[in-house]
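Two complexes follow with chain A in common, the first pairing it with chain B and the second with chain C.
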Partner chain A sequence: MLKRVHFPASLLPYLLVAPQVIITLIFFIWPASQAVYQSFLIEDAFGFSTEFVWFENFEYLLQDDHYRDSFGRTIFFSAAVAFLSMSFALILAGFADRVIRGSTTYRTLLIWPYAVAPVLAGALFLFMFNPTIGIFPYLLEMVGYDWNHYLNGSQAMFLVIIAAAWKQVAYNFLFYLAAMQSIPRSIIEAAAIDGAGPIRRFATIIFPLISPTTFFLLVINAVYAFFETFGIIHAVTQGGPANSTTTLVYKVYNDGFIGLDLGGSAAQSVILMFLVIVMTVIQFRFIEKRVQY
Partner chain B sequence: MAGITLDSLTKSYGPTEVLHHIGADIEDGEFVVIVGPSGCGKSTLLRMIAGLESITSGEVFIGDKMVNGLEPADRDIAMVFQNYALYPHMTVRQNMAYGLKIRKMPKAEIDRRVQEAAEILEIAQYLDRKPRQLSGGQRQRVAMGRAIVRDPQVFLFDEPLSNLDAKLRVQMRLEIRKLQKRLGVTSIFVTHDQVEAMTLGDRLMVLNGGYVEQFGTPIELYERPASVFVAGFIGSPAMNFFRATADGLSVTLPNGAVVPTAQSARGGVICGLRPEHLVRDPSGPIEMEVELLEHLGGVTLLHGPLQGTDQQMVISLEGISEVQIGDRLRFSLPPELVHLFDAQTDRRIG
Partner chain C sequence: MVENRPLLSILAHIVLLLGVAIVALPVWITIVGASHEAERMLQTPIPMLPGDQFFVNLRQTLWGSGLEGTNTAPVWMMLMNSMIMALMIAIGKIAISLLSAFAIVYFKFPFRMGFFWMIFITLMLPVEVRILPTFEVIADLGMLNSYWGLTVPLIASATATFMFRQVFLTIPDEMLESARIDGAGPMRFFWDIVIPLSRTNIAALFVILFIYGWNQYLWPLLITTDTDMMTIVVSIKQMLEAAEQSPQWNIIMMTALLAMIPPIFVVIAMQKLFVQGLTETDK
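On to the complex of A and B.
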């Protein structure tokens, strides 16, 4: 029989975790509970009275075409951002993995965009694509394409997608490069001796072997596109034109702080909160287990 | 089938030359073992033949074809790696079929070859498993299987046995030898283990510091080592060396003992005596005080200093010896078994 070891009760462990607990309580639990409470309220237009309405805000949202459109748009936006940034990162990592000379410089430069704040990334693309003074509209005009994302919703969507994807490429690149470098050299060499050229090796050996990383990044990028692209959208399009770039997160802000529909906005953020919880569960369930090969 | 010719192969990393003008003719169907201590360049040499490492200068021929400029895939070789390098996401069958599929072989032919190789290697019942579900020895067989299904002109082995436990290593060693004889494929095997080298190779290439010390059959290497390095490397326990002065048909050891030799020499030499060649002889010239005994059953190893010096030596006696620690014993050996090396160049005399 093993005896259980008992440590004398002490305040120290509680003190050590206290900062983290306090931060979580103040910045996560308390606002979240406020949002849940708020989502059950409807306020009159002037802020004089509030009424407790249970799930009326949610019912209204689910019938709202704007909200459903925004949902679809967000899913499209996330998928596009994840696909673009991951495929670019994969290609870059594939090349960086083969580079011998100057690889450190190359890698360092590729990581820089990650350090750029979302708003600044947005501002960068805003300038580059400004219909009046931007370089890209100027170049596009030469080939006869008229660029004006202030008027054209698809162009606006395209712009926020590449701005958001550009920023995330660096992060994905790092993970992909690390994954590729952890594949034993000899496996690649064995494939080379077996007669597989670089592209075939990539498709049949490297890509399957980094599939756990791909899955991990898929979840991370979806979360990023869903929740962390507010700054970029706010800087580039403010959700416009005509709501064509209003994602769920942007709509929370827009309805709540511009439209002053606090109850509806809170209800949206509660829905988002559930989405985050679901994604986190997926992540933990599958990433912890890893994709088995 | 084809032989391999290495012509003055040199490898440099920047200004550092790590392999110096390696030349060798390997015959069709021959099993050559490249052996040497870590860092001697043996793996690099093998990888240059495989095409995984660039060649600084010199030429590699497989058959009559110069392969310097060819990709590994085009050299018609198969390689077995130290860590097996199996594709972890594929089953054993897929692992073995991968190279054949790339060469666009008909499916029926692939199946036939995989099945045949699996039966030769006794892994037919594991064909649908993933490598991680196999033991080290089984993985080793799969790696071999992947090499033989391709039916290449040359097998290259890069220390394939060093990750196995001692018993399995001996068993796999014999199987590789049998398989190679059966298939008759020219093979090059890299190892740092001299026993492995001696038992496997038709011929051994002993590498040291990027130079070929000697290239010959195991018996040649044992009986007529070309240098002090080869003499010390081949044979277990290792040869005893003494600085000595030669005077015609005898040498004088540091303690004044005079040992007759078959080879005439003069001046400073290094005298090498194999532990198993020394025999008990009450009137022998070599005297040793036994400090330590190792009973291995078949042989008994005696450790101790050469009388009058502090230089340690080893003597191997057959069977279970009645010798006790502290005994002072005399030994002799036939003059033709005394190896002499030049004290300056370390090369064999005679």
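On to the complex of A and C.
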């Protein structure tokens, strides 16, 4: 961690870490501790008095059907986004790994959605699925299916899932392709000589060998779907209709900034912090294992 | 390729082209939408091929009054705000992370590990989980509606610090030994040896952080109430809301396109650095 050869202690290293540490203290640690503190308080409707209530906010949240529904919904949303975008990326990476010429061209053509902001991805899908003018509702109507995500909760959920998954395909594709290209060719050639066809080789050699990447991507996609899809939901559905797309992060925003329920919002923040810590620990523990294969 | 199966290769290309088409479809429809007149975009089915109004729409979007019924700044101004925000975030993150990683790797001083863990903790506190209290801090400091308020709270970075720490640890000890024999002090060593040796890593990180900064949404949404400070990514949402009353999809799609182009250009033009940056920061 420290260099064997290093400079002696002086004022300088403190000055060097100062900007980072000051920003961390003011904008990270202090607000986070405020969130923890506020989660133990209940403020009356006019903001005149606050009362220290221990875990009442948490008890209330855990008994609140809206919150529990939103928890389950977020897990479903994350699982769907991860599954959809990872399997699509896996198929494409599997074929891209096969082509001799042009795999870099395909990579270029597939990675750019990474750069599209979530809210823009939401806007594009909203345009394609707009009930009055969108192209997909028009096509669906021809086969007799009525699309209106402003009224139908499952359709709204489907729309935010595909918008979120679309953006994440690029990332998953990049990591899957890199993982496949790092498998020694000799293993695959040996299997081919033994008579294993492409599908068999994929199922018994390639897929197991890239399983560390799959696990890594699972964590990354879960984090993405939990925390970075706010823009998509805000643009496409605003959590509706009837809360059918309100995820945990959207609910923190909505209860805090629109509903102005400080204690409740802070308690939700604290629960989210706990989730991030769990995910970070999983990610770090796993990365130690990834090196060994 | 391990065996010669022409049919399978053809299938591979077909699947890949299909994949590219599916991925590109939303953007194709955006380009089509941005190249027609507003009236045309209200008749179903909407066109699937570009029209001839692209440059008319572009001019109207960039310099015109923008969308009717919205309270957004002119698009060129929002593009500039986004650019300033993205550059400030990327440069700020890189600068403070380089300095703190240098201190942690090259100095032995009390509380060194304490600082390291403090920086590590920021990894677990994304903006999304501490929205309200951070907003209060910014409001108390009078930083609402300013570039500082937009960027400074986002520039603390554990990932960048870790990445630079890894890079610095690979610099051979002999470098420092010889620099010291030649009489170089710490800052001289930092500028003349450490920075040049980590140049590609800095560039790779810059690509990732520029995209990260440009695409910020929740934070600018809260911090900017003044239309002059609005970023292009945030304005899309306002336009979508206005579209419910006066649908001008051609202008909205053109704005969306303009908001996407800079980060996409960076990814494609600097693909190698982008890939390096992505894989390095997630380790």
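Methods note: the second predicted complex is superposed on the first by the 283 of 293 C-alpha atoms of A that agree within 3 Å, B and C clash if a C-alpha of one lies under 4 Å from a C-alpha of the other, contacts with A are read in each partner's own complex, and residues count from 1 in each chain.
Everything that follows uses one rule, which is that a contact is a pair of C-beta atoms (placed from the backbone, for glycine too) under 8 Å apart; a residue touches a chain by one contact, two chains touch by 3 or more.
These figures come from a predicted structure and were not determined experimentally.
When both complexes are overlaid on chain A, chain B and chain C end up sitting side by side without clashing. Touch criterion met: A:R200 reaches chain B, while chain C stays clear of it.
In the superposition on chain A, A:P184 contacts chain B only, with no contact to chain C.
When the shared chain is aligned, chain C comes close enough to touch A:L124, but chain B does not. In the superposition on chain A, A:G259 makes contact with neither chain B nor chain C.
Once the two structures are superposed, chain B and chain C can be ranked by residues of chain A touched, with C on top.
Look at A:A192: by the touch rule set out above, it reaches both chain B and chain C.
Of the two partner chains placed by the overlay, only chain B lies in contact with A:L209; chain C stays clear of it.
Superposed on chain A, the gap between chain B and chain C at their nearest CA atoms measures out to 5 angstrom in whole units. Contacts of chain A with chain B, set against its contacts with chain C after fitting on chain A, overlap at residues 189, 192. On the side of chain A, the complex with chain B involves touching residues 184, 186-187, 189-197, 200, 204-205, 208-209, 211, 293. If you check the complex, the residues on chain A that touch chain C are 1-10, 12-14, 16-17, 19-21, 23-32, 34-35, 38, 88, 91-92, 95-96, 98-100, 102, 106-121, 123-128, 132-135, 138, 166, 169-171, 174-175, 178, 185, 188-189, 192, 198, 216, 220, 227-228, 230-231, 234-235, 249, 252-253, 256-257, 262, 265-266, 269, 272-273, 276-277, 280, 287.
Here chain B touches chain A in the complex through residues 50-52, 71-73, 77-79, 81-83, 85-89, 98-99, 102-103, 130, 146, 150, going by the rule given at the top. On chain C, the positions that touch chain A within their shared complex are 1-3, 5, 8-9, 11-13, 15-16, 19-20, 23-27, 29-30, 33, 41-46, 48, 95-97, 99-100, 102-110, 112, 115, 118-119, 121-126, 128-134, 136-137, 152-153, 155-157, 161, 168-169, 173, 176-177, 180, 186-187, 211, 214-215, 217-218, 221-222, 233-234, 236-237, 240, 247, 249, 252-253, 256, 259-260, 263-264, 266-268, 271, 274-275, 278-279, 282-283.
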